[in-house]
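There are two complexes below, and they share chain A, which is joined by chain B in the first and by chain C in the second.
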Partner chain A sequence: MAADIAGERRAPWVLLSPSLATVGLLLIIPMLFIVVYSFWLRTATGADQVGFYLDNWIEVLGDRFYRDILFQTFAIAFYTTVICAFVGYIPAYFVANTPMKSKAFLLLMLMLPFWISYIIRTMSWINILGTSGALNTLFLSIGIIDEPIQMLYNQTTVVLGLVHYLLPFMILNVYVSLDGIDKNLTEAAQSLGCTGWQAFREVTLPLSMPGLAAGSLLCFVLAAGTYITPIVLGGPRDAMFANLVFEAIVTQLNWPLGSALSLVLLALLGVLVVIYTRYLGVDQIAKSFK
Partner chain B sequence: MKIMSGWSLIRIATILVYLFLFAPVAVVILLAFNANQFGGFPIEGFSLRWFDALWNNDAIVRAFKTSLLLGLLTSAVSTTLGTLAALAMVRYDFPGKRTISTLLVAPILIPEVVLAVALLLFLQFLSMPKSFGLLLMGHVVFTLPFVVLVVQARLVSIRRDVEEAAMSLGATPIQTFFEITLPLMLPAVMAGMLFSFTISFDDITGTLFWKPGGVETVPTQIFAMLRNSISPEINALGAVMVIFTIALPLVAASVSRVLSMRKIRASNRTNNRANNSSEQTA
Partner chain C sequence: MDDTKRYERLLNRYRDGDISRRTFLTALGAAGVVAGVTGGPMGMLARKAHAATPEQVRFDGWGGVVSEAFEKYAFAPYTEKTGIDVVSGTFGGADEYIARVKAGQPGEFNLAHLSGVFDYARYHGLELTSELNEDNIPNLKNVIPSLIEPLRKITGGTLSAVPYDYGTTGIAYNRKYISDEEAKAKGAKLMVDEAYKGKIGGWGEWKTRIWYGALQSDQDPNNIKDIDAVWDMIRSHRDLALKYWSSGAELMSLLAEEEIYVTEGWSGRIKALQDQGHDIGYHDPAGGLGWQECIFVLRGSPMAACEELLNFMLEPEVAIAVAEGQSYPPALDPNKVELGKIIPTLPAFDPSGTLSSLSFFDPAYWNENEADWSKTFSRVQRGY
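The block that comes next holds the complex of A and B.
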């Protein structure tokens, strides 16, 4: 019997050990490693000088260039998140309040974008906005313009591409919290004299805040970490922070500097995640998987 | 009356948002069948020549094979690890459970670029060059939390008493696992496999960091082709990808539905037979 209890106590750890070993060896230790690595120096010969040098950090935190791009990255992520919140709330509300039969279909349709490759969805906008894309062809044929106009490769198209990529995350998260609201509450509010709009503003909207917050966090973090969208849909001046990381690591092979750069990104986004979990908990994000 | 018009506004807005989500992808598929040799509008007639060109493009076929192999291996490893972890999380209470749970979803919370950099630099430091193995490790770490979450969410609904019944009837724990738990878990495990396969198959951010020179997956191949200009071949490749990643989950979903229906019917039949025989003996 005692052996049984000990076995029972050991069982979860036996089941967990492969995953924990994987996360530990391939994520936790590498993360700690780049913290140490960011204090080393890449010498002109290409060898690493082991030690405690603040040079990378001084460069990353002191240089205007990095600060400007960091600011631009957060601006793009912010616009994307705000647009996703406004544009995504309406369909989430519709899906949550629609009769059962079309609800299943609408939810399935919301899952589809997750199955469509990100690079395809991003490049698909070239077919719409490019010089021989749908809009230019349409405008030319009805005579609004005489020659194709350049609509692509600016900050607006980067935000557009990101909104298109992240909107389903927002809609699903808001939907999950809207769907959990007891319908009697809004009815009660209305029977007590609220107008439909008041009932929404005073009851539904506050109760859906956790979903809106979870969706916003996801959108912001994912948007701030992208480097494919600015390359495909942005111009030369629309680089985001992750592009700098890629440059430093893959092109310049300055790994200590790249470590410092990626840690800055991690720290800033980490602060957001920590503030968020402090108030709302990780569980909200896990909910949308059910 | 006023509420009605408000609701129809919401309906119209919803339709517009769905259009926004799908129209660009629909255009990709449309242009894939366009005979125009520059890969844009206007539509000049129906043609399958771009699919033919894909098939004869060695680089693309190789990328497809790489993606497929990587996706299958990732999904096998990640689902095995993730299912075991999900079992532990759902079935047992133990000290430090919350911390473990956060640790398991950590790869989602860390931006993929940072995760990619950390793993790449650590393995380079250990003098392990970029390789297919590195790609596989990266994809496993990256997909693991999704598998844990998806499987965990579906495991909760499996009742423990069925297993206890089997054990009280004399089945060993291992027998119980293979005869009772695993069949019941199958839909959850399949969902996890599908999820990790698709994420791996679509991944580009980490893959660009980890892939050795000369090795391309389908997304990185598309990315490389985009740098020249948009060619009709890219649209065709996009169409194939869309059909592949959408058809796969749909087929899997219907297969698992048919399987579970058959199982329910079979168990009903056994139940009926059991009932009949017990009536006869009575």
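The block that comes next holds the complex of A and C.
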């Protein structure tokens, strides 16, 4: 009897062990390495000095430079998220209210960008917005402008590239939320005297907020962690926090400092996820991938 | 004590009877498990075992036309002759590559096309240098001595690399907007000329930015007296620049598409642009930046196979073909080897074989300041 109970208690752990081992080996242990690294020091030759030093943490937490870049990163991530929310809601609403047959096709179209490399998609803007790109060529040919307009390599194009990358994530999350709303509710609101707009504002929009929040969280976290987009579409000053991590590790060969920087970013984004989970739950995000 | 010695000591203790077979195998097994995650002693031994009988060697280079030239003129004939495959990889910059090497195991990376004496010294500082048996590389005698000597000085008389080519980082400009006369008259200061605001580019690499900042503030880049003046020049350039490019392909694209009119550029890449029909001028200003590239052999590599490949790559017909393909003069001494008709027309070519007209990074000086300057550049670039 006691053996059966012990076996039953062990069973979930046995079943979970492959997943736990995978998470442990691929996530927890590397993460612990990064934590350990952050307390080492870089020597003049680029080699690491093993030990327990707080220098990197004092520098990262005390230096205004890192704070400023962090704020700039969060500002860019915020603008991106807001634009994704506004621009993404409309197609999500359209897909959710489309007949079932067309819906599958539209969802497939929504997934299409994921089949192309993110870097290629980002670089495509150079051919669109460049001095001899599609837009300038069009404007010149129809006489709107006499000289090409300089549109590339600034913060606006960084945000544009991020919106392009993240919009499908927002649309999918909002779509899932909208698709789960009982259509009878809006019809009931309208039968009680609401206009179409009022029904949307009072019923549909509040009920779709969890999807909007989940999409916003995903967009914000992914945008705040990117470094490719500023490299490809940004100017000399346009850096995000992940670029500093990249530079510390790759250019300066300062892995300890890069580790401390990456942990700061991880911790701040982790706090956001915890707040979101506390009030809305992560299951909303999972729904959009089902 | 390195991991191999630890393993040997463990084996000796087992052979001497100090530890039981069970303990020995347990320790070995544990090392194997750790190797799966971190490399570790078993990983290292596996690499060494692999390296001892190479079916292939790994070569990493800059990609683009340079790698294409290596593939076509050097690796394919080498494989045909020796049966050893050359697995070719690319990197975007020396910094990126050194980070990869640091994260890898000895023997994982073998040969690399590295730039300058500066990187050679960095690799030596990280204990990544090997020791070439020069008797196995008879073609080394054809290489320009002034390219070999700086490398020897760093590694105490031995070599871990062979010089392969050289070039300059000069000023590239679009002749439609900037005349040859203007480029010559303004020199390095052309890149801080307000008239070209928004049409200026630059390599986003701290060494090059500081070198040109020194020239723009009328200082010797290898003996900077006023670093603040250099940072000010870098700030001026940053505020006028549209884009810091990060690869040769991006440099060529920015100039070809007329996104920028002026930037510093690599002589070979600019020659490639000119050959494609773009009207791009190239000028090495006074004190302009020369550099050499070498084929570096990393510690833990299969030395005999690498030395054979190096000797093969230094065969005049191979080196000349690669040089013509990548548009950088070969490291072969024109006083010893007939270089044909095309090489003397390449930018930066020195017919004297002394390279006395070019300025190079002083590795001791730049390495000494590397940690401080690379970090400060990161801040200046972002508006500080």
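The rule is simple: the second predicted complex is superposed on the first by the 269 of 290 C-alpha atoms of A that agree within 3 Å, B and C clash if a C-alpha of one lies under 4 Å from a C-alpha of the other, contacts with A are read in each partner's own complex, and residues count from 1 in each chain.
The criterion applied here is as follows: contacts are C-beta pairs under 8 Å (C-beta built on N, C-alpha and C of every residue); 3 or more make two chains touch, one makes a residue touch a chain.
Computed from a predicted model, the values in this text were never measured in an experiment.
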Have a look at chain B and chain C on chain A after the superposition and call it: clash or fit.
clash
Partner contacting more residues of chain A (chain B vs chain C):
B
A:194 contacts which: chain B (first), chain C (second), both, neither?
neither
By the touch definition at the top of the document, which applies to A:272: first (chain B), second (chain C), both, or neither?
neither
Looking at the overlay, what does A:250 touch: chain B (first), chain C (second), both, or neither?
both
Taking the superposition as given, does A:168 touch the first partner, chain B, the second, chain C, both, or neither?
first
Of the two partner chains, chain B (first) and chain C (second), which one does A:132 touch, if any: first, second, both, or neither?
both
Using the touch definition from the top, say if A:235 reaches chain B (first), chain C (second), both or neither.
second
Return first, second, both or neither, reflecting whether A:117 touches chain B, chain C, both chains, or no partner chain.
first
Please work out whether A:31 is in contact with chain B alone, chain C alone, both, or neither, and reply first, second, both or neither.
first
Shared contact residues on chain A, chain B side and chain C side combined as an intersection?
29, 33, 126, 130-132, 249-250, 255
Which positions of chain A touch chain C when the two form their complex?
25, 29, 33, 42, 44-47, 65, 69, 126, 130-132, 150, 152-153, 231, 235-237, 239, 244, 247, 249-255
Of all residues in chain C, which touch chain A in the complex?
36-38, 95-96, 98-99, 102, 122, 125-127, 198, 202, 204, 206, 238, 241-244, 246, 253, 257-259, 367-368, 370-371, 374-375, 378-379, 381-384
Quick check on the complex: what are the chain A residues that touch chain B?
8-9, 11-13, 15-16, 18-20, 22-23, 26-31, 33-34, 37, 87-88, 90-91, 93-95, 106, 109, 112-121, 123-128, 130-134, 136-137, 164, 167-168, 171, 196, 221-222, 224-228, 232, 242, 245-246, 249-250, 255, 258-259, 262-263, 265-266, 269, 273, 282, 285-286, 289-290
What does chain B use to touch chain A in their complex?
2-3, 6, 10-11, 13-14, 17-18, 20-25, 27-28, 31, 38-42, 80-82, 84-85, 87-89, 91-92, 94, 100-115, 117-125, 137-138, 140-141, 144, 146, 148-150, 153, 198, 201-202, 204-205, 208-209, 218-219, 222-223, 226, 230, 234-235, 238, 241-242, 245-246, 249
